[in-house]
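Both complexes below contain chain A, partnered by chain B and then by chain C.
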Partner chain A sequence: MNLEGGKISSGQLTFLTAAFIVGISIIIAPGGNAGRDTWLAVTGGFFISLILLWIYLGFCRRYPEHTLVEINDIILGPALGKIVSIIYIWYCFHAGAMEIRIIGEFTATLMSETPVDIFLIVLSITCAFAVYHGIEVLARCSVVLVIMLLVVKAFVTILLFPLTDLSNLLPILDISPPLFFKSAYAAAAYPFGEILLFMMILPFLNRPQEGPRSLVKGMSIGFLLLVILAVRNTAVLGPMGHSITFSSLSAVRMVDVGDVLTRMDILVALDLITIGFLKVTFFYYIVVLGLAQILKLRSYRPLVVPMIFITYIFTVSSFKSGIEIPYYAYNVWPLYSIPFEIILPLLTLLIALIRRFPQAKSSKGGG
Partner chain B sequence: MLNRWQQRLLAILLIGLTLTCSGCWGRRELETLAIVSGIAFDTAPAGKSEVYVTVQVLRIAKAESNTKGSPNEQKGYVNVSASGATVHEALRNCTHTLSRRLFLPHNLIILFGEDLARQGIREYLDFFWREPESRDTVWVAVTSGKAADMLDASEAVETTPSADIANLIVTRQATSFASGVNMHELGMRYASKSAAPLTSYLAVKKDNGKNIPKITGTAVFDQDLKMVGKLTNRETRGLLLAINQFYKGVAVIKNPGGEKYASMELLKTTSSMTPEIKNGKLQMQVKVRCTSNVSEAMGDTDLMSPEVWESLRRREAAVIDNEIMMAIARSKQLNVDLFGFGDKVYKKYPRAWKQIESDWQEVFNSMEVKVDVNTELQRSGKLISPLIR
Partner chain C sequence: MGSIIAIGLLFAIIGFYQIPALVQRKYWRELAAYSVLMVVAFILTLMRVMELKLPQPNEGVMVVLKYFNLI
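Right, the complex of A and B next:
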């Protein structure tokens, strides 16, 4: 725990969680496969993820002073624990790479002649800078940026009222149940289930007992925002919605108030880049912090720069083209997340129950 | 480490650098752009199956200085034509005769010649829905004759014909006798379950040897985006009244007890369409509610009596009811669902819809539509009764 000297308040954790939940879901609706019923899929996903959160928090309550990596070490033993921790870190690394790639693809759609690498590199450097300065900086950024996000979203959504036709949401649930559950589960896996990674930072709260409440509050803020966006986009885009790449962008482009308040699409890009920055930085932070704890380093800072390079290369090489991403995000990623978000935590819980929640050995600074 | 002053200096330096050295990779300066203000598509000449496009480009310096000067002066725009296998190729081919690259975000209007519209415009639209540079707020219209000619019509008020046409579409709201449809609304109707896609319709009015564009009625498409017919002004207004897209307009009625006419200015109109299944039969209930002012009474009827007031109100309702019935009849005759009734049915009765979806048009053609118009008169303007000597 001496890796991170900073402390964050529970209020900051709420905003950080909200930013984490929203992330790039501003532009790619979670559970978007459900079409008109996306908002219901998001709702379903949220409630599924609350069950998962309850499991995760079960660990945190028993080990309030330990991060996920340390908990694995304690419950599974040093060898197996480290393997499991590395698997989690890999998941975090992969999710962060996906995230940053989608931000790059979005900006590249807007500016089709600029190579996507430019966006990726600039964003990576900014994130690296934030990671270098630790969790406190990230938490303080998130307060400012999330408030800005909420204000901008409210502004644009109000401007879209004249185009909002709520009857486009009807009929409700006219899709096959398997498709609905698939979509709801996709929303649970991404972004709600990734809340698992917050087990890495809960010990850095100045009042750890308030952590669970802040997490649920932040998740609820993010969830409400995503539902409002899903409802708004469906109401504005109607039957066109299912073929549109970035529905928020297409909806916001329709804003035209008296020929003066038009061309608001840059606001979507602004939101995406600020919130995406928070989320990517969080992923990076978890990756370097986790690696440092596994390797028992005295500081995570030496890892930041190499990690940025590795992520960048992985990001660029993980997809041949942007066309693959929507398919991958809706069909592959939810399944890919199952072992990390459900199976591994459940197995760990099972072992912990069998071993009756072993306590940490006296070596307090072991992590 | 840097001391405090050095830190500040560095910060100022960095901020200065970002302000002066920033730029955009795909930057295009104003003087290298050909700002497109209108695009017209026509059937390719001489039996070729190509996309044939005419693009109206602003000459910015001219457009500003051209304040209705001498007719010999250069115009504020230039029209360029090109062809290609696809829309994008045709647009790019414009650079063969135009020295600048086309810039689409300020495009106002996409026109289709009627011949082309009747052959179908589906394949022309994908580009505009897909291309990030093109906005979905662009107006779409069908023109009588060649669309390219419309881009060369005499400009009336604005600096370019395309801006003129775009403003015609905006100001049509004064009468609601014509539809105004942008790419977004066209897409919504095309992607919907049953609503027939619509666009504005532009005719040409000859005036002293000049061609002047005139907006009139609506062009109607079938589900494959092939134009199937036109609506007259009154049919268009009936349609807009029923689908709650009516803006402003004047209802002309016969004066009670006289041959002369009176005008009702429609102020606020709201309407709803509700499907109803009664005894296994589908029917549609159209409810229109409007408030209006008496804006003119050409005869010398005294408006001070409640009977006259009531009579005016009922006559106005009859006019509106008649226009909606005309639109419904026309819709059945053209064999399309102008109103999007099918979508209403789908939203309210998704199960019943599945059974009738395949032969919806027949169901629609034989469906009973009940129109219920409720009018309310508010004021009679500066006069209570006409001036009589």
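Right, the complex of A and C next:
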């Protein structure tokens, strides 16, 4: 089944992974519950997620030509495999819808007289347009947009140097171990653990054997960026900085170089919208591609337009108001992710080990 | 009432453009999947326009987690 004609290079995959990891974490810092130790929570989360990545890549190494949906079919059999695939697709869909909503809410704080719906609709349509043109477009976009992100972040961080007070980071690890572990796990579940979904596009690499290395490279770039952001925000805003909903925005708003360079917060919005666009498009692409593979269609493109409407409705109904978002992101989402990111892959691995990694042909025999 | 007609028209126009292309290439499976998703999308959009209560997955997640005393 060749649903996606395009091929991406391993370099493009690196950038796409970095964009995926950074995503909306620019404004909702992962592991933000840890207060001034957020950067340590992010570090812990990164190392936890490397263990998860090792499990996921175990599958990819044995089935280099198959996507996650096809791997489920092969290992678990056609019926159970489809159910498990639908669960993954649901998770991806839900995560994507939340992501669109967060971007919409954020943009609505900047343009407060425009209804959120406008941003949600425009973003959904833009993403659908990108999905319609395939993974190659997305991968090429990611190279340009991630380089732009790095330049803008470096620029803003340098401008913030005069306000940076690293003593705000002290004392290190002044929180209870359970809270620290919880925050680290929250960072591992979101955004690092969602790397699971890259199993859907690894077969589209032109050199599949380079996939794992690109993933780790991209994750490291994203991780370094997030750590720098966390350190910068804490150092600029002080230890209570993380109680602000959008701490990056507040930190960058403080840039003031001789009363000339001020109001740089629009750069954060620029980064968020471009990188968020990449991440949402990626989710969207996985949902449509996964559905098409589950239903054994010959093209995923007919599903793109109906999914705009369904995604839009879910983004609208997912939160009552924007105030719920940080609570949900820090306390509910990590727990909600456990079955999708840990339990299901481990169960699949267990079944695969018992069945001694069946190959594609034997799955038809059903034994 | 006007907004309901507008939604109906919007879906009719989209279908008018997309269905012939699928029929021409004899993509019957795709057409079936497309139709089902379009009907779901239409119902959900109508519910939104008529301001009915929409399904809220996040609420469900919270209820389950609260039941197990996790949050």
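Criterion: the second predicted complex is superposed on the first by the 357 of 367 C-alpha atoms of A that agree within 3 Å, B and C clash if a C-alpha of one lies under 4 Å from a C-alpha of the other, contacts with A are read in each partner's own complex, and residues count from 1 in each chain.
As a convention for this text, contacts are C-beta pairs under 8 Å (C-beta built on N, C-alpha and C of every residue); 3 or more make two chains touch, one makes a residue touch a chain.
Given the structure is predicted, the values throughout are model-derived calculations rather than measurements.
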In the overlay, answer first, second, both or neither for which of chain B and chain C A:S250 touches.
-> first
Of the partners chain B and chain C, which touch A:Q359 in the superposed model: first, second, both, neither?
-> neither
Which of chain B and chain C A:S176 touches, first, second, both or neither | neither
Contacts of A:S112 with chain B and chain C, given as first, second, both or neither | first
Of the partners chain B and chain C, which touch A:S321 in the superposed model: first, second, both, neither?
-> neither
After superposition on the shared chain, which partner residues are touched by A:Y336: those of chain B (first), chain C (second), both, or neither?
-> second
Check whether A:P306 is in contact with chain B, with chain C, with both or with neither, and answer first, second, both or neither.
-> second
Contact breadth on chain A, by residue count: chain C or chain B | C
Doubly contacted chain A residues - partners chain C and chain B = none
Would you mind writing out the residues of chain A in touch with chain C in their complex?
-> 94, 98, 291-292, 295-299, 302-303, 305-310, 313-314, 316-319, 324, 328, 331-332, 335-336
Please give the residue numbers of chain B that touch chain A in the complex, ascending.
-> 24-26, 132, 135-137, 184, 187-188, 191-193, 346-348, 350
Residue set of chain C touching chain A in the complex reads 14, 18, 22, 27, 29-31, 33-34, 37-38, 40-42, 44-45, 47-48, 54-58, 61-62, 65, 70-71
In their shared complex, chain B is touched by residues of chain A numbered 109-115, 118, 167, 170-171, 174, 237-240, 243, 250, 253-254, 256, 262
